[in-house]
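I have a structure I would like to understand better, so I am pasting it below and will then ask my questions one at a time.
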Amino acid sequence: ATPTATPQPTAPPVGETVHVSILNRDMTRDEIVAAIQEEGGLVVANWTYTANDELVNQFQKYVRDSYGVNITLTYEGSQAPSTYLTNLYAAQAAGNPPPYDVMAIEENYWADAVAHNAPEAYLPSGLIPNQALVLDQFQHVPTSIAFQSTAFPGVVYSRARAGWMTKLTDLADPRLRGRITLPLPGDITAGGVLVSLAAELGKDYRDPDQMKEVVDYVVDNLVPNALKLTTDSSEMQQLLRSGAVDAVVFWNSLARLEFLGGNADAGLLISPSGVFAVNGYLWIPKGAPHPVLAQIFINWRLSPEVQLPNDWPIDHGPWSEFHEGFLGPAYVDRIPAWFQADYYTYFPTLDQIQTQFKTLDWEAYNTGVDEWMDYYSERLGL
Amino acid sequence: MNLARLRRHLADLISHAYIWGCLLIFVTPFLALLSYSFEKVGGVSLVNYEYVFGSFMDNLLTSVRVSGAAVLINLLISLPAAYGLVRYRYPAKGFILSALTLPLYTPAAVLGLSLVLTYNFTYKLTTSIWGLVFAMVVGTFPLMVVPIVVALKDLPQVFEEASLSLGATRWQTYWRIVFPLIGPGISAGILLSFVIVFNEYLVTLFVSPPGVTTAPLRVFNLVRTAGLLNTTAALAATLQIISFIAVLIFFRLFGTRYLKGTYLI
Amino acid sequence: MHGLRRLSALSGGLLPSSRLWIVAFLLPAALMAVLFLYYPLIFIVRMSFTEKDTFLSPGGPLYTITNYLDLTGRYAPNILVTIKLAGLATLVDLAFGFPFAYILIRKVRYRDLVRAIMVFPMFGALYIAFGMRFVLLPGGFLTPILQLLGVEGAQVLYGLPSTVFAMAIFTFPFMVMNIGAALSNLDPMLEEAATCLGARPWQTLARVILPLVRSGVIAGCLVCFGWNVGAFAEPLLLGSLEEQRSLAWTLYQRGVVQLDYGLSATMGVVLLALAFSVNYLSLRYSRGGLVE
Amino acid sequence: MARVRLAGITKHYGTTVAVQDFNLEVVEGEFVTLLGPSGCGKTTILRIIAGLVEPTSGQVYFDGVEITHLSSNARNIGFVFQTPALFPHLSIAQNIAFGPSVKGYPQAEIQARVQRLLAMVDLEGYGDRLPAQLSGGQQQRVSLARVLATDPRVLLFDEPLSALDRNLRETLKYHILELQRKTKKTAIYVTHDQSEAFAISDRIVVINAGRIEQIGTQTEIYLQPQSPFVAEFIGANNSLAGQVLEYSPEEARVAAEGFHLRCRSGLPLAPGEPVLVYIRPENIQLLTDGRSASHRNLWEGTVERVVFEGSAAQVHVNVKGRLFKVEVSGAQRLEVMELGKSPIWLGFDEVTLIPQKSPR
Amino acid sequence: MARVRLAGITKHYGTTVAVQDFNLEVVEGEFVTLLGPSGCGKTTILRIIAGLVEPTSGQVYFDGVEITHLSSNARNIGFVFQTPALFPHLSIAQNIAFGPSVKGYPQAEIQARVQRLLAMVDLEGYGDRLPAQLSGGQQQRVSLARVLATDPRVLLFDEPLSALDRNLRETLKYHILELQRKTKKTAIYVTHDQSEAFAISDRIVVINAGRIEQIGTQTEIYLQPQSPFVAEFIGANNSLAGQVLEYSPEEARVAAEGFHLRCRSGLPLAPGEPVLVYIRPENIQLLTDGRSASHRNLWEGTVERVVFEGSAAQVHVNVKGRLFKVEVSGAQRLEVMELGKSPIWLGFDEVTLIPQKSPR
């Protein structure tokens, strides 16, 4: 396939200007090009994507095509998103420029960063016209905007072997002894599952004591069934496929990755008590050294061509990683033909997104999470 | 009578089989990676290696740069230290050597944590690659200095004496006699520290500044986030192949003599 | 001091003979060790007395000893697991390493080839753990063999045996190297003498070889144990919950993932103490004479 | 105490032939020395007898019983190595007790043996020391005692003295000989030092490149070398190649490299037969006036160099452009120091003749 | 080419006194050997002359100029070590060229020297080889050439032959001597081997425990040892302690351990003075019938043991319960082989007398 569809350049036509709020300036195209040349590259912190090679290539190509400038995109993948924050806070405390220009990580970290006064106010921006494509529910103007809409930690199971599963608490079923995986304590993967479980068990995630009861439930009822505590998706995939386990607790994306990888047996379990979305958000740290490229990147990332990259030379599996549900109506008719038949098995409709996906109170979450997550660690002995 | 002979042959056979069995186990992880790295949907292919020279090239180059700098600095520090440790007599020499070689015994996670807490978080030296380089230098210093110490100890002082008595100055003696003659020891040090630095991921995981991802760290991150892809296996296999080639070249040139006493062999 | 003053007399005309020269020779190494090893290590000892990540906060660190209380209370099992894993791996190394070293030194001519291949484990525990996981995962290389043996792959994959085995592979060369060094210093003539005096092979082993390579065996065990105490990738990738409790991994998990640097530093201090004390002993057994 | 017989022993190491078709019989109580240059295969033969090396072909018999493939520890031999090879972690007494103890002798018996053997090698009171606390010579004596403790059937020695210094070597040499005589044990001794071999052997086996060159008593080897190799190895330094001119049982006349020689020969020689002629330096007499001498051969030459060596002097004499070495001992060695480049006479009777195509 | 003078050299290593108040003058072109047992300080003295060790006190003069503290590379000496110490990474030619090249001689000159020296040590055509490709003796010759390449003022040898085997030692010994004679360089040679010292030296310095015992020519040292140490080191094996009974310039009479001796003595001796008596094994003659002999001393004894050693035989004779060693050479060495435990006579004239309280 030849990549044809290029996202619209953010640059204004010659002669006109756009307002860039982060710099508090109106910029002409020439000024933008000059700024890009000056900046030369940017660093994006993101831990979710595997297709980042293609993403890097395409963005560099996009900047070259749109502005005639060769830049470098450093795509920082790390296993622990918390490291980003530590590095960021340390740099900011020292008065150094932050090591990243764009943070593309889960909402809870943004909330934590806000508590640390770390994100920059950059929205709305003339460099990010695509902001308009995104539903309001996925925006935290002025500091952040989502690039995912339906990410959530949950259960992916084998339809053939565990087709009877309907809810998270089914993980405690004795039939699953030694046949499930659970996430390691620590980050939002475990946190998100515990919150969903809390809802199923009728507990309030805002209350640390109630969450500890959820932890107790997990440790007493689910952990004995676990073959392995892991946050390693490939390991889970392989275990699931080979039949060594019947269900894994990870992100919803795993189900469609399995499907697109040829395993139609993997099913996604949506708890009857609802879904808490834990989406990835894009924000710019205060003092980011490459603000113009950062915004161009954000705008590019939000474009339908990048959300649903039909024309990139990539496989189906990685394809799905760029798309985590519609961010707004503009994206709906870009579903590729080869996926249309199964799309709504693995992705919700825009309607469902707007009605069934619940938003977490991240402030409350962040206030209590340390306490009950530590309790989880302690109960596990980790 | 012939039974006795047969028994001896059988014992020999079992001995050698045992050695090769163990060796097979050592290389199994590598062979597994290697075979996986050739896999591609629908057959065997070298296509995964295109990534090694494509998007992983940066990581490889970073690795080479970090290893090169670390090995070079290490050498510059180790040469005089080894000379001072071997050719002079003074009290507490053994203690000094132990103190200098202790980093080898520091668990990598602890070394990484201490460096990151001290230099990244407290002194905010986050953005430079030199932190990583020096972390590598300190971690592999013993591997550099010990072979040189061994080589210097093995080098009879008589060569230096002969050189001096033939009228050479001290510098002429170092450059024309001592350094060439401890060449194998120096090479052993270079080999060992290169192999370790080149494959190190754990200290790097802690101390590498943003934007600096060495190849082994890339392997670690990729496997932890994306699973064991064929392309990742290709990168991991490439790293081991490069290391092994370095080892083979060294063995061909110098044998294993100077690797003695270096914890490794 | 007195020794240093005697120096010029000892080295005579051969060496540039002043105290300044020794200092100059050793200074870069000393500086590097202090800056990048001893200072950070002292630093984390201090850090281990601070609460969580308060050392980063503008108000300055809050000092506490709860980390140590936690470690000796809540994390005592983790310390024990660490020691158990390292100990078992060391035993495996010893059991397999002794015959290996003996055959290698006494019977094998292609020794350099063996040594070259033995370098593979040194490339890192990471590759070993990945490789092992890859081999053992259902659908991996060994699956048919395991099935033949009636073992289910996943059961073998996660747990004590696979973790210990991977750790043992990583440190195997250290064991072989130490025992091998002791064995190659042991004159084969002594074994022949014993044989000629009528000793059967096991008598020769028990009464001549073992007593004489004892220090090599002890040094090998200590070094293996010291390295394995810091095992990270093996418990992470191959361990079950029990093995994942090993300290290096918990340290990473607590510090880097959960941002509890105080506790993480405390674990570091304990690990360090473990590794150093063990390796100090091994230094005394194996390498004390290197420069003296 | 045992007869040892080697029948057609051959040993290959890869392509190296260390020992070739080696046949030897050693009778009970005999002291036989294997003498030869480095690398000739002496050690290999000894180790084959000891069972430490298996021959490629051929058989080893003790007292007529074949033991070629019997393991070393079942042969009941005593092997004394070049270095004492004492077990460094055991005391002297424990070292001596090692053999009896692995054979399970009763403790009291072992103690008695140790005491007796310590006395035999003059080391009473040293039992509790460690080997490292003894000198090299004492250590080698302990290793003798250790070997004797199991009452072996055969004593094997592999250059047991070569690591010691000269004085110790002298003393220990006799010690070994005395012990062997006292215990009446069969002994096979390996050395490359001819004076050592001459000093202690009943018979000497001269070996070259894995083969036997000659077997004989000291004087047989010394006076009647049967091959150029033996003649040269034993130190007949002046050698000439020539042809028999005349032969009678009393005297042979030989022309060699321009010299005429008269000599006796044990072997019948045909005129015209090519021979090698050896004249030992110590068999030549230096005469200031040769005309009155009664030697079979009398040559005139000039002194080129005199080297004083203490108990002897080496004089290099030029005869018709060829240098001959003469060893002068006794009072004359002091007199020759004064010789300038003066004319001198060489007189000698003893000449060794070896047919050049003698079978090796 | 240079005079070397050592004045009051003392060297301490910690508490060890390696050299004590050492005074020596070596004249131009002389070949002086330092002879003494292991550890007596020979090497230390040589290294002090070379500037490789600094003396604790005392001075070193070359041609009257003090150079005690001059660094080794400025002394222009040639030091030949025990091992050839050739630089293993340089070819033979490069080894020889090393000295001239570090001194910055022009290339052409260096090449010419290398060729000349290769010829001098008989190694033309070997220039491109590496040291490891040469035999031990050839290597040591190269090290000689390397040392000569800088045209040193003094040649220093530290047991240059002791690592070689016997035959090579013989040959190289003369090679060294010839080179020294040819180049007329002052040479100081260290050895613990008396026959080597005797063979090549103009003068010998016998050293014991860091001090000079005696300086003299070969025959002076051999015939007139001036201390018990020298007498014993030179190998006068039969020794007795006694007292002078009578003294006249022609003859002294001594009673020693129950024996009566008549001998000449260079020193005046007072009756009653305690002396040590040395009788060399090679100075004693064995006589089957002693009554007809004309020796100053004639003792009767019995043969205890005969040891044939090739060019000589050692006979141990018991005289009044005391063993005397006799070295028999020449034709007689074969005859003594036949001696049983038969009575025999020892006849000897030469006896060395050393006053027991002689100043050391």
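Chains: A, B, C, D and E, in written order; residue numbering restarts at 1 for each.
The criterion applied here is as follows: a contact is a pair of C-beta atoms (placed from the backbone, for glycine too) under 8 Å apart; a residue touches a chain by one contact, two chains touch by 3 or more.
Because the structure is a prediction, the values reported are computed rather than measured.
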| item | value |
| --- | --- |
| Chain located farthest away, centre of subunit E as origin (C-alpha) | A |
| Contact-richer chain pair [B-D vs B-E] | B-E |
| Centroid distance [mean C-alpha coordinates] between subunit D and subunit A, Å | 90 |
| Centre distance in Å when subunit C and subunit E are each reduced to the mean of their C-alpha atoms | 56 |
| Computed distance of Cα centres, subunit C from subunit A, in Å | 39 |
| Centroid spacing, where centroids are CA-atom means, of subunit B and subunit C in whole angstrom | 16 |
| Per-residue overlap in subunit B, given as positions that touch at least 2 other chains | 121, 161, 164, 220, 223, 228 |
| For subunit D, residues that touch 2 or more chains besides their own | 71 |
| In subunit C, residues with contacts to at least two other chains | 6, 10, 13-14, 56, 133, 256 |
| Complex contact set, residues of subunit B against subunit A | 51, 54-55, 120-121, 124, 126-127, 209-211, 213, 220-229 |
| Residue ranges of subunit C touching subunit D (in the complex, touch as defined) | 187, 189-190, 192-200, 203, 207-208, 211-212 |
| Complex contact set, residues of subunit B against subunit C | 12, 15-16, 18-19, 22-23, 25-33, 36, 76-78, 80-81, 83-91, 93-94, 96-103, 105-111, 113-115, 117-119, 121-122, 134-135, 137-138, 141, 145-146, 149-150, 153, 157, 160-161, 164, 170, 195-196, 199-202, 205-206, 216, 219-220, 223, 228, 236, 239-240, 243-244, 247-248, 251, 255-256, 259-261, 263-265 |
| Subunit E-facing residues of subunit B, complex | 156, 158-159, 161-169, 172, 176-177, 180-181, 183 |
| Subunit B residues touching subunit D - in the complex, by the definition given at the top | 1-2, 4-5, 8 |
